[in-house]
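You will see two complexes here that share chain A, one where it goes with chain B and one where it goes with chain C.
Presenting the complex of A and B:
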């Protein structure tokens, strides 16, 4: 009864936050609501007994995505674009009718599809659950989620890393930089913040190491570990630490592609003839640990670089007036 | 019911009361500094009481250490966030009313 009540409160909170965050006009308020919704989603995953996804949602979905959105919202261009869209929708007249009807229609279609999809879900666990459980012995790890991510479905994980790589390459292409020179460091202002950043960094590295190691037998894993390190790097950059300036010397491109390249190397060199990423007998455990380490490094650097790239361009002078801010009516 | 359980219930309930008071403060107080006062003081103490209450029920010493570590880190984070928000508020105030 009590558990039902808690679940209900979480569901209602997620829906209420979602509705308020898309219906508001204030961009900053929407981002804060988005972060709150991410935390409620993490709680929902905990209630669904999926702590791995809860960790990822809290660290990446709510934490780093929220920071990225705030950072992007600071940009003049983004503000102009949002103002233009808001102006087009709230302008009234036929345009507003079309916008409202369109969004209601799309939402209704998705709702119907979702209802059918949920109704079609099997009530008993079936599919590949049994197969995965039966092959845990050969997977090289003791935690089912890690076994699926890094062994049974390693190919999917490789492609996800590829998506992350494409995203950061796009950001870097816009900035036309392929080193850490694009990493913008704030002027050191707040002593409290730089103190916190210095205290948090070793703790974050310790936590990341723990999550990385724990992933082999209990919930945890490489992506979560990378997100924790990335958060510490973001904090250092915000605090104006000179330590982050030292990062500029790092070969950014090499660190970004490290994980993708490691998967490629394993698929060529260390796999059997039965297929890509089909580990040889007895090597799975070691290969998974190695691949996860590269995921930690690449994820941390990629997320931190996305944050650096989301902000105002390094070296850009005064914020420029954008075409979108000047003529919002025509968009 | 053991003495430990009674102690845990008292501490967790007291913590929840502080959280409730802090939330009411955020909703009812008029401006940023007083809201910050409500949320940081009440939540820090509330979280501490929750952590202590749960620590009484923990089944291993390492869980007790983890709970206390969570509290200490949350204290540091909340104190820093409070400073940052208060600073931003002051800067905004100065911009809005330069002669104040």
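Presenting the complex of A and C:
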């Protein structure tokens, strides 16, 4: 009974936070509520026996996404406040009330349909737990989630790395740069913060090393480890250090591509003829450890570079230094 | 009510709330936040199903899918934010041109 009570409190809190963050006027407050919702979700993952997801949610879902949103929202906060005032003046009256009622009504109808769809789901187990458990012996690791990520469904993970790579390529393209040099965070130098960043970086690397190693037999893993290092790099950038911005184009590209290339190499060189990423007998454990190490490095650098790219473009609103890269007037 | 039912109902509610934000809020950063709420609801449903399918441990396949999904979501969010920023630089408005007269 108490157990279900805890679940109920978590569910109500998540839903209340979501409603507040979607309906609120102040963007900054919404973003803070989103981060809070992410942390509540991490509790929900623990309740649902998914500690791997809880780690990833706290580090990536709430942490890094939140930092990205705050960075993007920074410039908008003032204008948002102005727009809200303007909206209150011009947007009042019955027309606005009808519009609000209509949009809430549509959403409510959809919510009812969703609830019926979810209630219609079968309640008896019919998943792949048994299949995974039967093949753990051959997987090369002792933790089921890592076995699925890097052995049974390694192909999906490879494509996931591909998505990360595409995202950072897109961001670099929007900034028209090959590195993060022009995307530095303009932060006031605070001595406490830069001291803290320097203390936390080695601790973060130690934590990441532990998570990476732990992933082979208990909850943990490469993506969580990469996210922890990325968080330390972001903190370093906020403290005024150069972080990933210090990397020149070529080393940056090498680190971003490292993991994708490693998967490609393994699928060509170290797989059997039975299919892509079908490891030879006895080699799975070592290959997985190697691939995970590249994931830690690539994920950390990519996420830190994505953070750098969330800020304003270098020289936006000013004449470009390079005439050849002059941007068109219209999109 | 089982934990599976409770959390899948929450997923349904969260999806609706996120959809409201995505469809009816004008500001692009808000739309991106709302999209992340929708994403969270999908993850919640998958993990609730994994919990329902537990034997010695919960079903690891949805767990791996959600782990992948969280990383993909943060990359897509970062790219979307960069595009939103660019749109704002070009048009001076933090919303899509067709939404400018609305609300």
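Throughout what follows, the second predicted complex is superposed on the first by the 244 of 331 C-alpha atoms of A that agree within 3 Å, B and C clash if a C-alpha of one lies under 4 Å from a C-alpha of the other, contacts with A are read in each partner's own complex, and residues count from 1 in each chain.
In the analysis below, contacts are C-beta pairs under 8 Å (C-beta built on N, C-alpha and C of every residue); 3 or more make two chains touch, one makes a residue touch a chain.
This one's a predicted model, so the numbers in the text were calculated from it and none came from an experiment.
Q: Report for A:256: first if it touches chain B alone, second if chain C alone, otherwise both or neither.
A: neither
Q: Could you tell me if A:141 is touching chain B, chain C, both of them or neither one (first, second, both, neither)?
A: After superposition on chain A, A:141 lies in contact with neither partner.
Q: Is it chain B or chain C that touches the larger share of residues in chain A?
A: C
Q: So, A:228: does it touch chain B (first), chain C (second), both, or neither?
A: Touch partners of A:228: none, neither chain B nor chain C.
Q: On the A-aligned overlay, A:203 touches which partner chain: chain B = first, chain C = second, or both, or neither?
A: Touch status of A:203: first partner only.
Q: Once the structures are superposed on A, label A:190 by its partner contacts, choosing first (chain B), second (chain C), both or neither.
A: Only chain B is touched by A:190; chain C is not.
Q: Would you check which partner chain A:37 touches, where first means chain B only, second means chain C only, and both and neither mean what they say?
A: Touch status of A:37: second partner only.
Q: Have a look at where A:175 lands relative to chain B and chain C in the superposition and call it first, second, both or neither.
A: second
Q: Please output the residues of chain A touching chain B within their complex, sorted ascending.
A: It is residues 190, 192-193, 195-196, 199-200, 203 of chain A that touch chain B.
Q: Taking the complex as given, what residues does chain A use to touch chain C?
A: 4, 7-8, 11, 14-15, 18-19, 21-23, 27, 30-31, 34, 37-38, 41, 44-45, 47-50, 52-53, 56-57, 60-61, 64-65, 68-69, 71-73, 76, 79-80, 87, 91, 96, 99, 103-104, 106-108, 110-111, 114-115, 117-119, 121, 123, 125-130, 132-133, 144-145, 147-149, 152-153, 156-157, 160, 163-164, 166-168, 170-171, 174-175, 221, 223, 299, 302-303, 306-307, 309-310, 312-313, 316-317, 330-331
Q: Using the touch rule from the top, collect the residues of chain C that touch chain A in their complex.
A: Where chain C meets chain A, its residues are 1-21, 23-25, 27, 29-30, 32-34, 36-37, 40, 43-45, 47-68, 70-79, 81-91, 94, 103.
Q: Spell out the part of chain B that touches chain A in their complex, as residue ranges.
A: Contacts found on chain B: 73, 76-77, 79-80, 83-84, 87.
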